[in-house]
C-alpha cells in the first residue's frame, strides 16, 4: 500500500479540480495567478435552445480530467499557477448587453494584471466582450473551432446574439480577421456568414476538415495565426452530436473528440493568450458526454498555455 | 367492425387536437371563434432554469387528451368553436419587455373580437401582458394555482420577471386583488410576497390545501371570485415534482394531478374569461409527464369555458 | 457473520426470483405446480404507443421483490409451488388474432392441469384469450383495476384491440358482468364504455375511489364478486403516471401505489383463480418505476393466491 | 437591427419547416407541388422493437434543418415547390397488409399527378408499397443505405415484414435488382439475404465501406444506377448506434453522419424520383440525435431532388 | 429596480448554498460553527445498487433550497452559524470498516467542539459510526424515517452493511432503543428486523402511517423521544419511488414529500443534536427529483436545529 | 410463409441467447462444454463510478446479437458447445479480496475440465483472478483493449483495485509481459503505468492507433502474442464515450465500434484460450448502446474461439 488518492467524486467540484480561489469584487491580490478559470453562466444570446447558463456547473462536476497530458507531456494545473476563480458577477440575468459589459470588465481585471483567462460559457456571445478585454490594446488572432462562423449581423433587434461575436469583435477592432481561422463549419446558415470571407478569415468547413485531415488543418492554422497573440475559442457544437448532444444548436456531421484533441494538441507552442469552451447545455446531455468533452477540451487548452510564450513559456 | 378512429400519433400536432387555424398578422376574420388556443413560446423572465419556450410544442405533442370530460360531462373542443391559432409572433426573442408588448397586442386582437383566449406558456411573466389585455376595461378576478405567489418586486433591474406578474397586474389596475386567490403556495421565498396579503389577496399554502381538503378550497375560491369575470392561471409547478418535474423552479410538497383536477372541476359555472397553463419546460421532463399534466389541465380549463357565462354559457 | 444472501443483481432474472422452469410445447409433467408465472410479450392490440411486448423482460429484471409480504404475512414463492414457466410461444408476431389463439391454448394447458396462472403482459388484449381459458367451463367474476373500462366495440376493422377484452369476454360467455367490478376508471373515452353499465358491471371511477377511500372500495369489490371464482386483472395504467409513466395510454389523476397495494391486500381470502399485470412499456419508463410497481403488484396478487380457496387455500 | 427571423421552436412543426398543406382524401388540386413530404406512421412490420410509428412526429419536431445546403449550394424548400402534406390515412392500425394497400394508393395519388414523394417512416416495410406506386410503369433503380439488406423471405406467416421489402419489390417487378445497390450492410443475419446477390444487387458491407472510402462507394453507386429513374431509401440504422440509437434493430459498426452526408451529396445529378427516411423510433432516442440525423438526411435527399432531372432539373 | 439576487446556477455549489468552509485534517479553529454540513461519499455498505457515493455532490448541485422556511418561520442558514465543511477524508475507498472508523473520528472532531453535525450520505451504514460519535457519552434517542428498519444482523461476513446500523448502534450502547421510533417501514424483508421490536423500538409501517395520519405519528414520535438528545436520520427511500426514484433499494408504497415535510416540521422544539440524509443515488434519478427532495429534507432538519435546545435554542 | 423465428424480446435472457445451463457449486458434469459464458457481477475494485455489478444482466438483456458473423463466416453459438453458465457465486459482496478468491476458484473449475471461459464483468479487477486460473500452469500472452494500462500499484491500502490487474498478474507469474499488447490507451494517468513499459509490454495509445490504422495494429498484436496461449481482455472504456458512455472511468478520444470490430476480427486464428468483456455500467447508459457494444464484442471474441487452436480449432 502506497498511500491514498483523492476521491474523484468527493468534495466541492471545481474546474479541472483546480484550487478554488474565489475573487471578490474589490479584490486586487490575485496577480500571482498565471491562469484564471472563469465561469460565465449566461445564455441570453441563444437563437434556439437555452441552457448553457448551467454549463459552468456541468463542467465543474466532471470527474477525472487530468492531471497529466501524456501527448503534450505536461501537468497543466501543477505547472501553472491556475485556479477556479468562480463566476462572473452579473448585475442582471435579464440584460444581454449588461451581461456583456459585466463580462468585459471582469475579464479586464484579470488580464490587466497579466493573468491569462480561460472561460467556460455560457453561450458564444460571451466571446465578444472577452475579446474586447483581450484585444483592448491590439487586435488578436483567433483559432475558432465551431460548427458555425458566428459572423452574422443583427436581427431581432440586436447584434449581440451568439451568432455574431466575431463580426462584432472585428468591427470593434479587437480581432484581426486575417489572423483568424474557423474550423469545423457546417449547417444550413452559410448565407449568413459572408463577413467571414469578406473580412479575410480562413474558413475550414467540416467536409474540408475530413478531406484534408487534421495535420493539414493544423498546419494551416499555425500559418494563419503565426507567432502573434492568439485567442482560442472552442464551441462544443464543433463536435458531432454523437459526441456532444448537449448543446443548443447541434449540427450533424461534426468532429469526433479524437479529431478535436489531435487538432488542439497540434497547436503546441502557439502564443495562446486566452481561450474559452462554450455552449455546453447539460439539459440535453443524457450521458454527460458533452460536459465531459468540454472539460477535456478545457484541459487541452490549459495544457497549451503551459507552452504559450505569454503564459507558461515552457520550451519543449 | 364499426369504422375508423384517428391515430393519436398521426399528423401535425395541435393543442388538444383542436383544428389548426393559424391567424396571420393582418387577419381579422376569426371572430366566429369562441376560444383561441394560443402558444406563447417565451421564457426570458425566468429566475433559474429556462426552457419553457419549448412548452407550447411540448403540449401540442401530447396524444390522447380529450375529447370527453366525464366529470363535467362535456366535449369542449366539440361544443365550443375552438382552434389552435398558432403562436404569438415576437419581434425579438431577446427583449423581455418587447415580448410582453407583443403578447398584449396579440391577445387584444382576440379579446376585442369577443374570442376568449387560453394561453400556453412560456414562463409566468406572460400572464402580466395577457391580463393587461383581459382587464383593459375593468380589473378581473383571478384563480391562481401555483407554488409561488409571483407578487415580488423588481430586482436585477426589472419588474417584468416571472416572479412578479400579479403585482404588476394589480398596480396596472387590470387585476382586482380582493377577487384573487392563490392556491398551492410553498417554497422558500415567502418573504418576497408580502404584496399578496398587503393588497388583499387570499393565499392558500400547500400545507393548508392538504389540511383543508380540495372541497373547502373550492368553496373559498368560489367565494373570493364570485360571479365576476375571472382569469384562471395554472402554473405547472403547483404540482409536486413527482407529477411535474419538467419546470424551471420546482418545489417539493405540491399538489397531485388528482387534487388539481378536482380543484379545477370544482370551478364549474364560474365566469372564466380567459386562462393559461405555464412553465412547462420539457428539457427536464424525462417521461413527458409534465407536458401530459399540462395538456390535461388545459383540457380541464377549456371544459370550464363550456360552462362559463361569458364563453360557452351552458347551464348544467 | 451468519452466512450469505443471494445477490439481487446476480444470475438470470425471473419473475419474482421464482424458480425458472420452462415448459416446452409438448411437456405435460408440470401438474405439480400450483401457480405458473407466464410471460405474454405481445402488444399488437394497442391503440397508441406500443412497447409492452418488452413488459415481461422488464418485470423479470426488477430486483428485490419479495420474499415476505408483511401485511398479508406470507411468503408466496415459498408457500406455493410457483415457477416462471417462460413465455407463450407465438406462431407469428404479426397476427393479433393468431396470438390470441396461441395465448388461449397455452393457458388452457396449465389451467386444465389445475395450475393457476399469473400472466405478465403485453397489452390488455391478452386478457380476452386468457379469460376464454379460465372461464371455459363457467363464467368467472372479475376485479379489474385500470384507467379504462376496456369494454369498447370494434373499430379499425377489429374487436380484438386492447380497448375491448372485457366486452369480448362477456359476449363469449366466459365473464360474468354482474360479478365484475372496474376500479380506477378515468380518461376521456367514457363514451365508448356504455357496455360496462349496460351489461351490469360495477364501475368505480378514479374520483369516486378518492372520495370513497380504499376500504369502501374493497368492501364493494368483495360484495360484487362474492365467493365465486374470480379473475384479477391489474392494468398498470390504473396507477397515476407519476407512479407508472411507462405505459401506452397513461391518464393523469390515477391511483398511488400505496392505494393500489391497500386495495389488493384487502382482497385476501377471495377465490382468485388467475390474474395478470399488463401494459408495462419500459421504453417510456426512465426510472424503471413502472416495472417496479408492476412486479410489486404481481407479488401482491401471488400473495392473494396463497389465501385463495382454489389455489393455496391457507385459512388465516 | 435588420429585421426578424422565425423562432426555431415556434408554431406547429412540419417536416423541414416546409409549408403545411394537408391533402384530404378527395382532394385533387395539388398537382402544382413538385415534392410531397409524406408521413407514414406505421410500424406493424418490425421484427423486434416497435416505435417508428412515432417517427414522423419526431422528425417534424426537429428544429433548424435547412434552409441552405452549402455543399450542394441549394435551398431545397425554397427552390422546389414542396410541402408537408400530412400523413397517409390508414383504415386500420391493426392490419399490416391493409396499411400497405393504403400506402400504395396514397402515394399513387401524388405520383400520378407528377408529384415526387419523400416519405418519412414508419418501419422499412413501407418501402414495398411505395415502390409499387413508384415502379408501377417500369421497375426503378435503388440506392439503399441500411444495416440490413431487407431481402429476406417470409416467416411468421408473412412476407410483408420489414426484413423483406426489396425482395418483394423485385418479385413484383417494380424494382430492378441489377440497378440496385445496398450500402452499409452488417449485423448477424447475412444468411437471410441470399436473394440480394442471387438477384444481381450490388452489396457494400459496412466494413467494405470503411475500406473503400466514401468516394469509391459513390462512384460504384452512380455506376450501378446510371441515368435511369432511381429510388433512394435511407434506413436510419445504417448509421452507427452512437449516431442513431433510436431505432428498432440497431447494429454496431455503422456509418457516421459525416460519411452518410458525404455519400448522399455525392449522388448529385442522379435521376432521383422518390425517396424515404425510415425506422426512427424516438422512444429509444434519449438525446433526439436520431430524429435529428433523420431530418438532416431528409434534407439532403430533398436537396438531391433539386438536381434530379425528373424533379427540380437544376443543372448545377 | 431594487438590486440584485444571486444566480441559483452560479458559482461553486455547496449544501443549501451555505458558506464553504473546508476543514483541513489538522484544523482546530472551527468551534464557532453551530452546525457542520458534512458530505460522506461512501456506499460500500449497500446490498443492491451502489451509487450514493455521488450523493453529496448531487445534493450540493440542487438550486434554490431555502433561505426561508415559512412553516417554521426561520432562515436556518442565516440564523445558525452553519457551513459546508466539505467531505469526510477517507484513507481508503475499498475498506468499509476503515471508512466507518474515518467517519467516526471525523464527526467526533466537530461534536467534541460542540458543533452539531448534519451529514449527507452515502449509504445508511454511515449512521452507525456517526451515532458512535454522537452517543459516545450517553445513548441518544432516534427518529428514523426509512422504508427499512436497518436492524438486521450480519451476513456475507459483515455486520457493517447498510441493513444493520441501528442494531449495531444499540449493541454499542450509543443508541437507546426505547427512545427510538422508525417510520415508513415496508418492503419484503420484515423477517430480518426482529431486533427492532425485541429491543423496544417503536415501528410505524407505511400502511400504519397512512392509516394514522401524520399528526398522530408526530405525536407518537414526540412521546417516544421526549426531551432527551435525539438523532434524526432521513433515508430517502422512505419516500415513494414516484417521489424519489434515485436510490439503491426502492420500495413502492412510501411517503410523499408533502407527508415527509409535515412529519419533520411537526418535530419542532425537540432536542435534535445531529442528523443525516442518506441513500440518494443520482445515477437512478432521471429528473433530479430525488436529490431535490433530499436537499429539501436537509433544509427541514437544519430548520429544526434552529429550535433545538442544544443547537439554535430559539424558543419559537 | 416459411415457419417461425424466435422473438428477440421473448423469454429469459442469456448471454448471446446461448443455452442456459447453470452450474451448481458441486456439479462436475459440464466437461462437454467448449466455452462457458460466465457472469461476474462484482465492482468493488472501482476507483470512481461503481455500477458494473449490473453488467452481466445488462449484456444478457441485449437482443439480436448473432447468430452469424459474416466477416469471420461462423455461427459461434452453433459451432461451439457454449452455454450461459450463470454467475460466479460470491461468499460476500463486501470483500474485494474474497471475491477475487471466489472468481479464481470458479474459473479453475471450468478451465481444469478443458472448458474455455468468456467472462462478463464486473470491473476490470476481475481479470487478475481469472488470469491466475488461466495461467496457473504457465504464463499466458495478452491482447488488452482498454483506455487504461491497468498496471498501477497499490493505493488506498490495496493492490486489488481495477487499476492494477495486469501488474498483479505479471508479478504472480501468470501473465507474460513480453507477450502482452495494450491497445487504445489514453487519459490522464499515464504516470501510473510505468510498469507496462518497464516490464516489456507493448503499448499502443489511442492517438497511435489512429495514426497507424487498424491493420498495422493487428499486425503488431499478432507479432507480440505469436502462437502461444493468449488471453483477450476487452474493457468497454476502450471505446469512445460516444459509443460507450455507460462505464465508470470514461475517456474521450477512444475507438469506434467499427474500429474495435475490425481489430478483433483481425485476430482470427490466434490461440485465444479465454477472454472477457468488462466495465459495462448500465446506470450510465441512457441508450443501452454500451451494453449493446459489449454484447457485440463478446460475440466477436466467441467467434474468434471458433478458430482458436485450443478451443474450436476450425482452420478457416
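Should a chain be cited, it is by its letter among A, B, C, D, E and F, assigned in written order, with residues numbered from 1 in that chain.
Basically, a residue touches a chain if its C-beta (ideal position, glycine included) is under 8 Å from a C-beta of that chain, and two chains touch if they have at least 3 such contacts.
Here the structure is a predicted model, which means the values were calculated and not measured.
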item	value
Count of contact steps on the shortest path from chain A to chain F	1
Reference interface A-F: repeating pair among B-E, A-E or E-F with over half of contacts shared	B-E
Between B-C and C-F, the pair with more C-beta contacts	B-C
Cα-centroid distance, chain D relative to chain F, in whole angstrom	38
CA centroid of chain B to CA centroid of chain F, Å	56
Two or more partner chains touched - positions in chain F	4, 9, 47, 49, 53-54, 91-93, 156-158, 240, 242, 284, 286-287
Contact graph of the chains (line, ring, star, complete, other)	other
All chain pairs that touch each other	A-B, A-D, A-E, A-F, B-C, B-D, B-E, C-D, C-E, C-F, D-F, E-F
Chain B partner contacts - residues on chain C that touch it in the complex	47-49, 153-159, 186-191, 205-207, 210, 240-242, 245-246, 249-250, 252-254, 284-287
Residues of chain A that touch chain E when the two form their complex	4, 7, 9-14, 20, 22, 39, 41, 53-54, 56-57, 60-61, 84, 86-87, 90-93
Contact set on chain B toward chain A in their complex	43-45, 47, 49-51, 53-54, 91-96, 98, 156-158, 160-161, 283-284
Residue ranges of chain E in contact with chain B within the complex	1-5, 8-9, 63-71, 240, 242-243, 256-258, 261-262, 286-289, 292-293, 296, 299
